[in-house]
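To start, the structure under review is shown below, and the notes come after it.
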Amino acid sequence: MTSIGKTAILYTLAASASDEEIRAQAMETGYSLIKGKVGSMSTEKIFAAVETAAQREGLIRKDFYRDTHSLYHATLDAYVSICRGQLGLGNMLRTVGLIFTVVRGPRTTEQLEDGEWLAVVLYGMIGAPVKGYEHETIGMGLNHL
Amino acid sequence: MTSIGKTAILYTLAASASDEEIRAQAMETGYSLIKGKVGSMSTEKIFAAVETAAQREGLIRKDFYRDTHSLYHATLDAYVSICRGQLGLGNMLRTVGLIFTVVRGPRTTEQLEDGEWLAVVLYGMIGAPVKGYEHETIGMGLNHL
Amino acid sequence: MTSIGKTAILYTLAASASDEEIRAQAMETGYSLIKGKVGSMSTEKIFAAVETAAQREGLIRKDFYRDTHSLYHATLDAYVSICRGQLGLGNMLRTVGLIFTVVRGPRTTEQLEDGEWLAVVLYGMIGAPVKGYEHETIGMGLNHL
Amino acid sequence: MTSIGKTAILYTLAASASDEEIRAQAMETGYSLIKGKVGSMSTEKIFAAVETAAQREGLIRKDFYRDTHSLYHATLDAYVSICRGQLGLGNMLRTVGLIFTVVRGPRTTEQLEDGEWLAVVLYGMIGAPVKGYEHETIGMGLNHL
Amino acid sequence: MTSIGKTAILYTLAASASDEEIRAQAMETGYSLIKGKVGSMSTEKIFAAVETAAQREGLIRKDFYRDTHSLYHATLDAYVSICRGQLGLGNMLRTVGLIFTVVRGPRTTEQLEDGEWLAVVLYGMIGAPVKGYEHETIGMGLNHL
Amino acid sequence: MTSIGKTAILYTLAASASDEEIRAQAMETGYSLIKGKVGSMSTEKIFAAVETAAQREGLIRKDFYRDTHSLYHATLDAYVSICRGQLGLGNMLRTVGLIFTVVRGPRTTEQLEDGEWLAVVLYGMIGAPVKGYEHETIGMGLNHL
């Protein structure tokens, strides 16, 4: 059994070299998935990077607000987590360098009747705007599509 | 290069069969790590399970409040993340079934001079108190020891 | 043009005598709607009352977690609003007496192609557990179904 | 019996054509009320629009900080609600188009001895900065004057 | 010049021996003030202790909800601060031992025309339910009466 | 017995004339302490002012991220408290004029074996960007070093 969240987390943390293999395996079991990078002190750039990539790769339909709405809240949940509840980046003198992943598919490969879901994972470094003054952080949001 | 957060996340998500192998490898590079399970509608049981396990396995010193303080805030950060900012479990009619991991060691294997850190990962299912009415969630807190 | 949120708010605030009329009118334009009451110092009773009523009246399908998930988060958003961000009732020495409404249908009667949405409105009194020591509060959560 | 919150909500949602009628009726029972519009990605513009209108129309006294303080916190409570706890607009890649109402008067027309209160209602659309990619939201703050 | 907040903080931190002296001095400049103790893992006991003491000593009028409302929100602000944003005590496996102070009077002794305000200060220890596993915390809420 | 938090609060509130005396006394019992001022509508300036002063005066070591990390979270806790949970300054149309203090030393003078801690206190005025439209606020964060 595979699940959408685990797929998203492991794809995010995989070395680039394994990306194609994981992607191929996941697609066989019914998942679509994309991966990207974003570094910024501006929160809105994280939201924009995730949404743009998900639309471009066809993980959400551009013409249906409900798809954008679902992705927005999954991204917001992931963002709340990397901030650990106190929202803000540059305005709180901190910056992030993140890998993001969006996965679309069933909650688990044994729950197909429950329809499609989205998982957004943000993983990377959060810290002061000084090289090396940072530590890891992860956040994941799941939402029904 | 290995990092404390990635080590914690991958150990959490690993199938039980791989536990010993990952643990041995991590210990070679300077990490101590433990893994446990907790399912509850009571938030305090999560805090208690993590702390008890970390003390018993010697990841934090029982007689130094600063160790307990460091672990508490790492656990709180992880908890805030699995709740995605809105704190509460049973009182908000939801329950969790979690695997937790605590890792102690350097931020990365290339930053030994920066001393020891703790990583707490909570991963599992969150949802209604009805079988199968749940989805995955993850949270991680890092703190200097 | 009618919208799901406005329909939910006005139905919540209507005098009982007008309930049937509003309900009939809303159903003609494509909305299903229910109304109930809940008074408590326990947050979970609000969630339970809304979910039970919505399932019983068929506004969400009992056998699909995605419906329950959508309703849960709409209710959570409404709850966050009546608490104005600081979550808690009895544990913070306050109590609520609420009317709740759940509406299912299109975002507006001109956006049928965007599928079905849920609106949850909580409206009533919040205050000290002393008769008359209370004031009004409202919260609304919207979610795609 | 009429209450300050219900008066504020219904005035906010009324079609412009009914504004004068509602206003006249409310004033007879002891309420002063104003209504305005604000659309922005900048949170401070919402606070400024509400305060400026309330001062200009004499709902709060400009020379007494306590009046401004009361209005500020009523507006903050309403703002927390339209954001559903996660504060931010443009910085989180979302925008609002709102109608706002400020009402001044007794908590209810049967509680005159309890002095004057303020109600602030914000109602409108929240969503992506793309036409039509938005849904309704409402927030209300009440405070003693 | 004396201010309500500074008066409240210094009275809270004063050794018991100085209480009467500070109280007499503050009352001369127009402040009423009380001091008490509360230790608990239950948040509601803090609210109850502060309210009961303030009513008994006549700092707020028992028969006017607006006074209770003002005190409640000042106490809530102080409580949010001692929790540093993540609300909860026993449910998050932590406990507090607090001194609380309520002061009533002008914002400063030079701003008499602005009417009466309330200040609530909570100061003490927060930590694990283990002797000595705790550190200091302070919170203050101010509100117009 | 002296404690780090009380030392920090009383140093912050002391009239400038007493600064040297308090500082000398505190240093005798094992505390290092600094005091500064910052006024701004930009949250990041508060973080920058506290960090710069603490580094310059040697309260934290510039070359060890763990020191910066400890100070950052102590400052964040203090900041959350002066905002009373709803984070934001200029973006919420409010401004602060603050005195800040950083103290380094044992939790109390009787708990030397528990190592060094940091206390950050922010105290001053918060309010509208209009002269005199403001009231006092305080926040304190403690962290192990």
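In order of appearance the chains are A, B, C, D, E and F, and numbering begins at 1 in each one.
Keep this in mind: contacts are C-beta pairs under 8 Å (C-beta built on N, C-alpha and C of every residue); 3 or more make two chains touch, one makes a residue touch a chain.
Owing to the predicted nature of the structure, the values given are computational and were not obtained by experimental measurement.
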{"item": "Common touching chains of chain E and chain D", "value": "A, B, C, F"}
{"item": "Co-neighbours of chain D and chain C - touch as defined", "value": "A, B, E, F"}
{"item": "Reference chain F; chain at largest CA-centroid distance", "value": "C"}
{"item": "Chain C against chain A, contact positions shared by both copies (same if over half, else different)", "value": "same"}
{"item": "Cα-superposition angle relating the copies chain C and chain B, to nearest 5°", "value": "120"}
{"item": "Furthest chain, CA centroid comparison against chain E", "value": "A"}
{"item": "Chain A-chain D separation of Cα centroids, rounded to whole Å", "value": "36"}
{"item": "Distance between the centres, which are taken as Cα means, of chain D and chain B, whole angstrom", "value": "43"}
{"item": "CA centroid of chain B to CA centroid of chain F, Å", "value": "30"}
{"item": "In chain E, residues with contacts to at least two other chains", "value": "65, 69, 80, 85-87, 91, 107, 111, 117, 132, 135"}
{"item": "Of chain D, residues touching chain E in the complex", "value": "64-66, 69-70, 73, 107, 111, 113-115, 117, 144"}
{"item": "Chain B-touching residues of chain A, taken from the complex the two chains share", "value": "3-6, 9-10, 13, 77, 80-82, 84-85, 107, 111, 117, 119, 132, 135-142"}
{"item": "Partner chain B, residues of chain E touching it in the complex", "value": "86-88, 90-94, 127-128, 130, 132-135"}
{"item": "Interface residues, chain A side, partner chain E - complex", "value": "85-86"}
{"item": "Residues on chain B engaged by chain E in the complex (per definition of touch)", "value": "42-44, 47-48, 51, 65, 68-69, 72, 76, 79-80, 87, 91"}
